[in-house]
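Each of the two complexes below includes chain A, the first together with chain B, the second together with chain C.
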Partner chain A sequence: MLRFILRRLIYGVITLWVLITLTFIMMHNLPGDPFANSQKLSKEALAVLKKTYGLDQPIWVQYGSYLKKIVSFDFGISFNYPTRTVNEVLTQTFPTSAELGMYAIIVAVLIGLTLGVIAALNHNKTWDYVAMLTAIVGVAAPALVIGPLLSYFIGVKLGWLPPALWKGPEYKILPTITLAFGTLATMARMMRTSMLDVVNQDYIKTARSKGLTKFAVVFKHTIRNAMLPIITILGVAVVNITTGAFVVEQIFAVPGMGKFFVQSITTNDYTMIMGMTIFYAALLIVAIMITDVLYGLIDPRIRLSKGGK
Partner chain B sequence: MQTVTPDKFKPATHAGNKERVVRKSLSYWADAWRRLKKNKLATFGLIVLSLLAIFAIIGPFIQPYDYQSQDYAARNIAPGTAHWFGTDDLGRDQWVRVWWGVRISLFIGIISAALDFTIGVLYGGISAYFGGRVDDIMQRIIEILMGLPYMIIVILLMMVMGPGIFTIIVALAAVGWVGMARLVRGQMLSLKEQEYVLAARTLGASSWRIILRHLIPNALGIIIINVTFTVPGAIFAEAFLSFIGLGIKPPMASLGSLVNDGMQVMRNYPYRLLCPSIVFSLIMLSFNLLGDGLRDALDPRLRK
Partner chain C sequence: MSNNILEVKDLKVSFHTYAGEVHAVRGVTFNLKKGEALAIVGESGCGKSVTSQAIMRLIATPPGEIKKGSSIIFDGKTDIAKLTDKQMEDIRGSEMGMIFQDPMTSLNPTMKIGRQIAEGLIKHQGLSKQAARERAIEMLRLVGIPNPEGRVDNYPHQFSGGMRQRVMIAIALACNPKLLIADEPTTALDVTIQAQILDLMRDLQEKTGASIILITHDLGVVADIAQRVVVMYAGKVVEQGTVDDIFYNPQHPYTWGLMRSVPRLDHDDNKELIPIEGTPPDLIAPPKGCAFAARCPYAMEVCLEQDPDVSKVNAGHSASCWLLHPNAPKVERPVEVGGHNHG
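Presenting the complex of A and B:
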């Protein structure tokens, strides 16, 4: 077991290193100059600027100092706003994004799984069709479609909820629904399939013939076993919700990391993009790693086939 | 109630060819097609998709406008007989722009899926065929790539290569093939061990015959299912990138950028948000319904 965790950990570190290096290489081949917006700079001033940012040194020296900084969690200063450090921006915007992401995950998992269970227990009845319809809408209308539509119909037309911004609790409902919806639909669908799979297993028949109550069979035997495959997609769900936030925060003007990330892209803010990319990637790589380990812990079959040799 | 008469108990005659199979034997594909046609949702998806494809081809040309010429006399016109989907704030015809967006979406979706398929089958096939050391190294590379968050890498690539249809396809292909490669390798490895392959080998079939007649046809179903889900994935990725301003370069229209533009003005001109949103949803919906139908029709494990 320890070996399995260690193995996943090593892979995580290598993946992170590959990503950090990739980011570095890409940023150095970017079109556009970070100082292009300030054309009135003299040559001397430009040289001084390049020196302060270390852009005059050979590339491998830059790479070395870059790696050293990353390891000590120092992502540098924004190219466009010299008074802002990347860390500052991260600490300012991350809590908002984390809050939104957390709500979305909770809503997606709770409602998605419930819907899946209800659908499976009422196989081919009304509730089943409701759940399946939700799943279909979920894939057909991703956040970038459903977000503006919700904002328009519920926010502007009906005026039930504020169409944008991030202030009181009522502002948080629409962004959460938008961000959660796709994952919720996937969860419902997966849970339904998984439940229907489990229901036909022999141990459920055994549990029933032992005379257990329906409640015990459903909760103790069916749901618990049906949850297993769901854990594998939790990592994917976290990834989808994090990247989905780029769009959702844009739509609802939420002052989070995603909105800032997109802004940095449009203004060629190199250090900002690099810092944020690495932060995002580290977050997601860790999330994937945790779900992998979790799955290994819960289902011994995975650990034996993957990490056993 | 059925009446039972004595002549029902007469012994059967031996005339005629009893061994003859009355029903024509169906090939795997004919059988899959028959099952797909029976699936109402999948048929609906297929019909909608065909209509969308037809409109994508002829749509921009049945109206006398193009996607970029601006007409300041006709700004922000609501949908009507002259402009079926209305016009935007520069007086460009939305109908033409939406169908150009669909053209781009379908093009990117299909080309990316084809590239994913080619790279994935080659990589997975080589990995499975050679096995041993080569397979080990190739699988380690895949394991590292699987850990990288897809969208973030695509965004990075797009920033380096700049916006445009071509760069989107390259960026999506650079990241998208990994899943396919994994799938193909897994399929090949498990199929190689099947009894019918052993049987074919015992009967003296050559390696080529086994690969062409046994391995590929048997893996193809699952590969095709994967491809049908890759297409909407790529279409979504393009819309996502265009939405955050990294995809298609203006003045060319993309469904993602049209939705984004429409969102800015939805209070006054809701049709500018609704038209591209509905069309985009239809594309995603029909591909997914078709994909689901194909999965049920092609995957032998789901057969009842």
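Presenting the complex of A and C:
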């Protein structure tokens, strides 16, 4: 097991390096540079600026010095916010995004899986249609639609919950629902399909032939096996959701990292682009690794033999 | 008190599909004596498995339906066709156990086999987890799994096909059921393992005294293990009798056909096997007369018009065929199935 994790870590570092290199090259090939919008600067001032940031050097020199810096986890200073380092931005905004994301994931998994199970157990009956209608709405209506609707009707019209901002617990409900909706819908649909597949397996018939109650058959035999495909998407979903949902954070004025992610690209904020990308990729790599370990715990067939072969 | 463990009477099972109602089992009647092994034979789709799953009440409803008027009297008192789902749960696994065709898919891949055996024991006999585990180890030893103490915590994927079928037998027999239903238990196994599993089943039947219903299309298996045989075709019983009756004195042309399509060692001449031409009828719209008439070389006009009644050949041997009617023309049985060789 240890060897398996170690090997995956090494692969992870290699993946990360490839990613850094590709992003670096593509980023520098984008039209414009961090100072392209500052038209009022004189040519001389621009040259000084570029020299300060090392942008006047050949790209492979810049690449070399950048690699050297990130080995010590120094992502540099933002071009767009010259008073803040990328590290600061990350440490200030990621916890908020992660908090919102965790709430959303928990809601999405709990409700999504429940809906999926209910739908599958009532296959082609009313509850199946109700659950799947919810799911289809969730997939079809993006946060862009659901967010403002919730914020306006529940927040402004009814006044039950604050329509925006990120303060006490009551502020966190609407953004959580909005963010959870899409993932919830995906989970529900996957769980339903997976449950229907498992219900028709021979071993469910075996379980029933033992005289187990319907409840025991569903909870001990069906759900666990039906969860396997869900685990696969869960890792990626967690990373996607916790690293800042730009739209949801904008709608509800949540001070998360989603904004920086999007802004960094539109403003050619080189250090921020790189920092965000590396952070996101590293999280993803770790999440997928955890998924694989979890998978082994829940499904003995792919449990790794001793020595991590 | 009758000595029948099971009396199936006029069992009718249908499946409601988009295409229409499929009459999978159309009035099956047979009895099973205590301690007896009964084989149900017939080609794919003739209703063998549906009959057995109806006895276990494992048919999903909907789309399946056990028709009104069917009765399945178990152990002389309970009519399985009329029990509620809850009552049935108490009988399933404790009074009757079932083994399925494919041992590779019949065990839960994410549960230790010890727990899979113990589940039924905990539910029906109220054993503690520890006691059920002890009993599971005992069952594994009984079905011939080496090192049962070590194997009890293994997962199904760590077993071979034959071993898994042994585990299935252990699950089915864990609570000492009075009836064991084996739905093609050897079909998915290779030949040497088949023999081992059959030996094991015969051995366990002697030890436990359980009655067995064996579903199969393999006549070799029938001869090996069963005392009586029910031959099914298109959802009906066409002939039933002792193994000797069916093998040495078959009466129904379909049984003849089955016998002639299997190689036999006791016929020295290198005759070609003779298949039964054609395919079984569509059970959405079953034919008016005898279902086999369209494929039967001896079919008469009456066969297409009216379903034949059951004719008794001797006390335990009966067949449903117009050829057995007193007014029917005498037909010479094919040589391979006991007819006279004039050549």
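The definition used in the following text is that the second predicted complex is superposed on the first by the 250 of 309 C-alpha atoms of A that agree within 3 Å, B and C clash if a C-alpha of one lies under 4 Å from a C-alpha of the other, contacts with A are read in each partner's own complex, and residues count from 1 in each chain.
One rule holds for everything that comes next: contacts are C-beta pairs under 8 Å (C-beta built on N, C-alpha and C of every residue); 3 or more make two chains touch, one makes a residue touch a chain.
On a predicted model such as this, the values are computed, not experimentally measured, just so you know.
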item: First (chain B), second (chain C), both or neither touched by A:Thr277; value: first
item: Chain B versus chain C as contact partner of A:Asp299, first or second or both or neither; value: second
item: Which of chain B and chain C A:Gly211 touches, first, second, both or neither; value: second
item: Contacts of A:Thr243 with chain B and chain C, given as first, second, both or neither; value: first
item: Chain B versus chain C as contact partner of A:Leu19, first or second or both or neither; value: first
item: Greater chain A contact set [chain C / chain B]; value: B
item: On chain A, positions contacted by chain B and by chain C; value: none
item: Contact set on chain C toward chain A in their complex; value: 56, 58, 85, 88-94, 97-98, 100, 102, 105-111, 116, 119-120, 123-124, 155, 157, 168, 171-172
item: Residue numbers on chain A that touch chain C, as the complex places them; value: 201-203, 205-214, 216, 220-221, 224-225, 298-301
item: Complex interface listing, chain B residues touching chain A; value: 143-144, 147-153, 155-157, 159-160, 162, 232, 236, 239-240, 243-246, 256, 259-260, 262-263, 266-267, 270, 273-274, 277, 280-282, 284-285, 288-289
item: Parts of chain A lying in touch with chain B, wherever the complex brings them together; value: 11-12, 14-15, 18-19, 22-23, 26, 29-31, 136, 139-142, 144-145, 148-149, 151-152, 156, 239, 242-243, 246-247, 250-251, 262, 265-266, 273, 277, 280-281, 284-285, 288-289
